[in-house]
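Take a look at these structures.
Next come two complexes built around chain A: one with chain B, the other with chain C.
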Partner chain A sequence: MAGADSPSAALRRRDLCARGIRLVGKMRSDVIDLLDTYMERQGLDASANVAAVEGVPPAAVERWDEQTGTQRLLENLAAYRAFRALLAQMLEEQREQLGEADTALGRALAAVLLQVSAFAYHLEELLRLESRSPPSEEGDGPPPQPRLSLFEQKLRGLGVLRELAQWALRSARDLRQLAKPGPGTGSAPSLAESP
Partner chain B sequence: DMPIQYERVGADVTMKCGSMDWDAAVTWTVNGTDIDESRLNGSYLILKNVNLTQSGQYSCYEGSSWHLKYQTYLRVGTPPKEPVLMCRSNNYPKGFYCSWHLPTPTYISNSFNISVIHGTKEMVCEKDAVPKNRCHIRYLQLFSTVKYKVTLTVTNALGKNFTTLTFDEFAIVKPDPPESVVAKPVPNNPRRLEVSWQNPSSWPDPESFPLKFFLRYRPLILDQWQHVELSDGTSHTITDAYAGKEYIIQVAAKDNDIGTWSDWSVAVHATPWTEEPKHLTTEAQITETTSASTSSFMAPPTTKICDKGAMVGSGAVAVCWTAGLVVAAYSVLFI
Partner chain C sequence: KNLKCTTHNLHKMICTWDVSSRRRHGQTDFCYTTNDLPPLVCFKTKEKRVEIPVPESSSTVTITTNSISGTAFATKEFEIHKKDVLFVPVTPRILSLTPDFSTSTINLKWSDNGSVFPYGLDAFWQIQILRKETMEKVTEVTYYSKLTHEDVVLSWNWTSDMPLECTSHYAKIRCYINITQFAGLKDWSNWSPVEVLPGKDADPSGSGVFPLDTVVAVGSDVTFCCVHEEDENIINMSYGSKPYPMIQLSSRSYAIRVLNANASDASGTNVVCRLKNGMMDGTVLFVGYAPDIPQNLSCETPNFLTIKCTWKPGRPSGLYGKRRTKYSLFERMSGKNVSCEVNEMNRERVCGFPVLADQKTYDFILGVSNPIGQAESSLLVDITQRVHPKTPEKLTVSESNSTSIHLRWFINGSFAEIRLLCQIEISNGHSEQKLYNVSMPGGKFSTYTVQLNALHPYTKYQFKVRCSAADHFWRWSDWSRVEEHTTSEA
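This part shows the complex of A and B:
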């Protein structure tokens, strides 16, 4: 297998990053539309303040510019794997609540879930390119949660979608950092200091 | 050090002449000028409904000895109204700045205190030397969904007031306008203008945080702008300019994903390339399209609208009838 810094690997990385950026851009746009639908269907207000929801990976990060390429990929992968499980759970709750499998909201959730899975796979590809095998998935999803009330479920769903929208923003930036030519992604890329 | 006495506009002010008795004979002056006795109540100076012009140095002298018994500086002003605060990030993702001002002056000195809270964390907003009334803060976290809360308190000797702003990290992102906008005609292309610009120098990392652009242009003689949105690149060729007309062109920038559009850049002017007038011969008069020197459509000189067989008229004013029709039609449009 070509070394992580070989010209062909660099080309493949740039190509994967470019496609990943497009994927995640479309995903973000869909998540934002889904947020509107979700709030409307669940009777929630845009001002609903959702504190950090347990089990939802926060997109917020300190010293973002100092992260190595591998760190970025690993954190992204862990996050999207978590979102995959969370969205599957939301879809299940949705079906329980409404009894029908095929509502507009359900379809929109399923579409986003598909994109999240696709992006997770994309990240695994990028990790393989860094000569890192992706970490195995721990367990089968989020740890068993105490049964939430219907309202708590709705708020939790809002928190999941909002955080996913933030992650989609961050992932695009992460991939652009990754795609920058220069020293191998193992070393820390840093923002040029502006005057 | 002379004491300063602060009073609100419209207040009634009574000044005592130090430790002098009420019935002592005194003289009051303001900025060295004697004050009329009608203003006095005994040895007290009464100023009713004070206004700004009454600010000044007030002195009280004992009647006969002319000893200075009391002196004060009166400053008339108002307590602060609610300040106007705005916060903006023009250098995302490095940080943001907040700037403020008072909607109406207080006429006395004010001090400002700003606090920035992110979740439970208190952050320090470092005051800028220039301009005053501005401070900047570095982002410690990026991609946070937790809102920032900025509170500005303004205090002076007559009162205090405050205002609060709450916002998301990405909502206040607004780049500076693009720089070095240049518009040039394109040789041999009478309907084209080549526009180029640069990212604003305050935007620290255009590679990871690319900007998209909005171009607007119009001929000076028209009010309607044409718009083009460009998702990448820092140049664009306008291909539908009206020949020979001077254009005004501006560009704005926005982060690709978040925030709002910048203000419009400085406007640049440019006129598309026009052919130099040929030295006229009879041959040239016939084949050249009619070009009125006033504002009418001018076909590209290389295009032949008609051949000699379709000429009408004779001599110096020969016009081919198809050209005449075209010109007439366009002249109507452009009146």
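This part shows the complex of A and C:
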């Protein structure tokens, strides 16, 4: 694994982490707003119980503390790539089902999709900073979804947005973890060694 | 005793009888004459049932019952008159029972066995549809047909008031043939064996809410059902946000009935079935209107390249996305059909159709359809009488002398087949405004020129122009941009 960071790399990482935390914070508030709009427009209520969405890694993780920095970034990246694909599919379904009838919901979905894409790119930047090339995208992303009924599509959309809101929380925590300076060296631990 | 003869085909009849004695008995000697003419026909039978010809008038029958050892112990003679013979058609058999889940329609096919009977007899078919595990009768209809001395497959459709997936449906049929020339008694056939159309609740892994993602007209009554797996239970079923009383169809299927459905939102109204395990299943109902007949259909050409048709859509359908109302423009003479891209949210409706070579008259049919219904409007139009040119462009002024100028402008379009009438508005600072009309041959993507004389020297003028068809005026183009010019001093 690479030796201790150079001061500029540490500074760069801290900057990227800080910007990432801001980006994911904005994304989370937009997702929360979108969730309200989505439920209202799709006639769902908050009590709707949705099964785990196939293809999206759950935000909850066991032994969060024991994860290495690289694991954090790789898991985050896999999740946001999956969200990117799922949100793109939601947008396509929304256009197919509603056409021009609900462009506001469409625009809100597109805005969140943009932020998810931006954050995925941000995570790739962080990985590259550690001279770690991001995993290729072939074969990545959720498996081809079976043809769902409209109600199932609505529930899946709700599940995606709920999980995305959870992931935004987790990502902020992960990035704060990554941004922490290492013990005694005045620089953040290189990703592989972070506790 | 109780000798009874029944015929299924007017030629042969099956006679049955009872033996009143309790003694054990062996074979029976059965003898008969037809129409009381020899020969006497006799045979032995173990059963109390024989098949013999239907008599023209009557038959005499002698039945001798023998003991186990073969000695006769009872003999009875009967006179069977044709009028005592009972005609009962052969029990019909359902050939196929086919569901169309999208329309909740069952198609039932059966053979009328007509070849057995003379041509032209009236036949009546009673069909029963039954439902649920308790096989409750849902409907009974009488279907009429005429026999043609051939075996004809008859077909009948029935639309259920609930999705066919909800629970098993059953069908049975019987018939009555009105044989006027048969003097005997007549009765309905037996019921056919029951044919079943299994519902999802008969499928061990079957579950779901039905109908699935369907579209109905405002005011419809709709039955929804929730079929759940064996070890599950339903807590409640709701339409929109309102729970509805549940009707049990079977141990695994419950229904709710929504009456007089209101228009749904763009994303449809959810029908949700909440299960004990906390999960939800559901479907979406889209409730909207069939398209109105398009009003004020009007078509014109701006440039003799395309024809632009507009209309008033009438009441919005309330259906969007892939369920939206779709428009197509069909032209009868050329047979050409164009589908129109229409934005449901925008009130104005426009559709373009290409001007066809050597065709001036167009017989348009504007077709409008959505999942609930369709409508159409038609219009016969000669496009040379419906010219609405585009706005004149590139208006320029060039001076001949202090009192005369040339105006030039360009019109995008191909007007070679008509004459144009253009109107020039001349105004100057003294609020003097004149309109000057000029007619000229149309051109193909041409520039047009007009000379204006008798202007005042050293005067500032504003010019603008608009054009239309000269011979069959339809509509003016919009005014061009204003072009200013000050004439030189005299």
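Basically, the second predicted complex is superposed on the first by the 173 of 195 C-alpha atoms of A that agree within 3 Å, B and C clash if a C-alpha of one lies under 4 Å from a C-alpha of the other, contacts with A are read in each partner's own complex, and residues count from 1 in each chain.
The rule we apply is simple: contacts are C-beta pairs under 8 Å (C-beta built on N, C-alpha and C of every residue); 3 or more make two chains touch, one makes a residue touch a chain.
Predicted model, so just to flag it, every value in this text is computed and none were measured.
Colleague: Will chain C clash with chain B on chain A after the two structures are superposed, or do they fit?
Modeller: Overlaying the two structures gives chain B and chain C room side by side.
Colleague: Touch test for A:A18: chain B only (first), chain C only (second), both, or neither?
Modeller: The answer is neither, since A:A18 touches no partner chain.
Colleague: Just chain B (first), just chain C (second), both, or neither: which does A:L44 touch?
Modeller: A:L44 contacts chain C only, not chain B.
Colleague: Determine, under the contact definition given at the top, whether A:E96 touches first (chain B), second (chain C), both, or neither.
Modeller: So A:E96 only meets chain C here.
Colleague: In the combined three-chain superposition, what is the angle centred on chain A between chain B and chain C, taking C-alpha centres, to the nearest 10 degrees?
Modeller: An angle of 110 degrees, rounded.
Colleague: Between chain B (first) and chain C (second), which, if any, makes contact with A:S149: first, second, both or neither?
Modeller: So A:S149 only meets chain C here.
Colleague: Just to be sure I read the superposition right, which of the two partners does A:A59 touch: chain B = first, chain C = second, or both, or neither?
Modeller: After superposing on A, A:A59 lies in contact with chain B but is clear of chain C.
Colleague: With the superposition applied, I'd like the minimum CA-CA separation between chain B and chain C in Å.
Modeller: Comparing every C-alpha of chain B with every C-alpha of chain C, the smallest gap is 12 Å.
Colleague: Note which residues of chain B are touching chain A in the complex, please.
Modeller: 91, 93-94, 140-146, 170, 202, 204-205, 207-210, 257-258
Colleague: Spell out the part of chain A that touches chain B in their complex, as residue ranges.
Modeller: Within the complex, chain A contacts chain B at residues 25, 28, 58-62, 64-65, 162-163, 166-167, 169-170, 172-173, 176-177, 180, 191-192, 194.
Colleague: Under the touch definition given earlier, write down the residues of chain C that touch chain A in their complex.
Modeller: 208-209, 212-213, 240-241, 265-272, 278-284, 320-322, 324, 343-346
Colleague: Spell out the residues on chain A that touch chain C in their complex, using ranges where they run on.
Modeller: So the residues of chain A in touch with chain C come to 41-45, 48-49, 51, 95-103, 149-151, 154-155.
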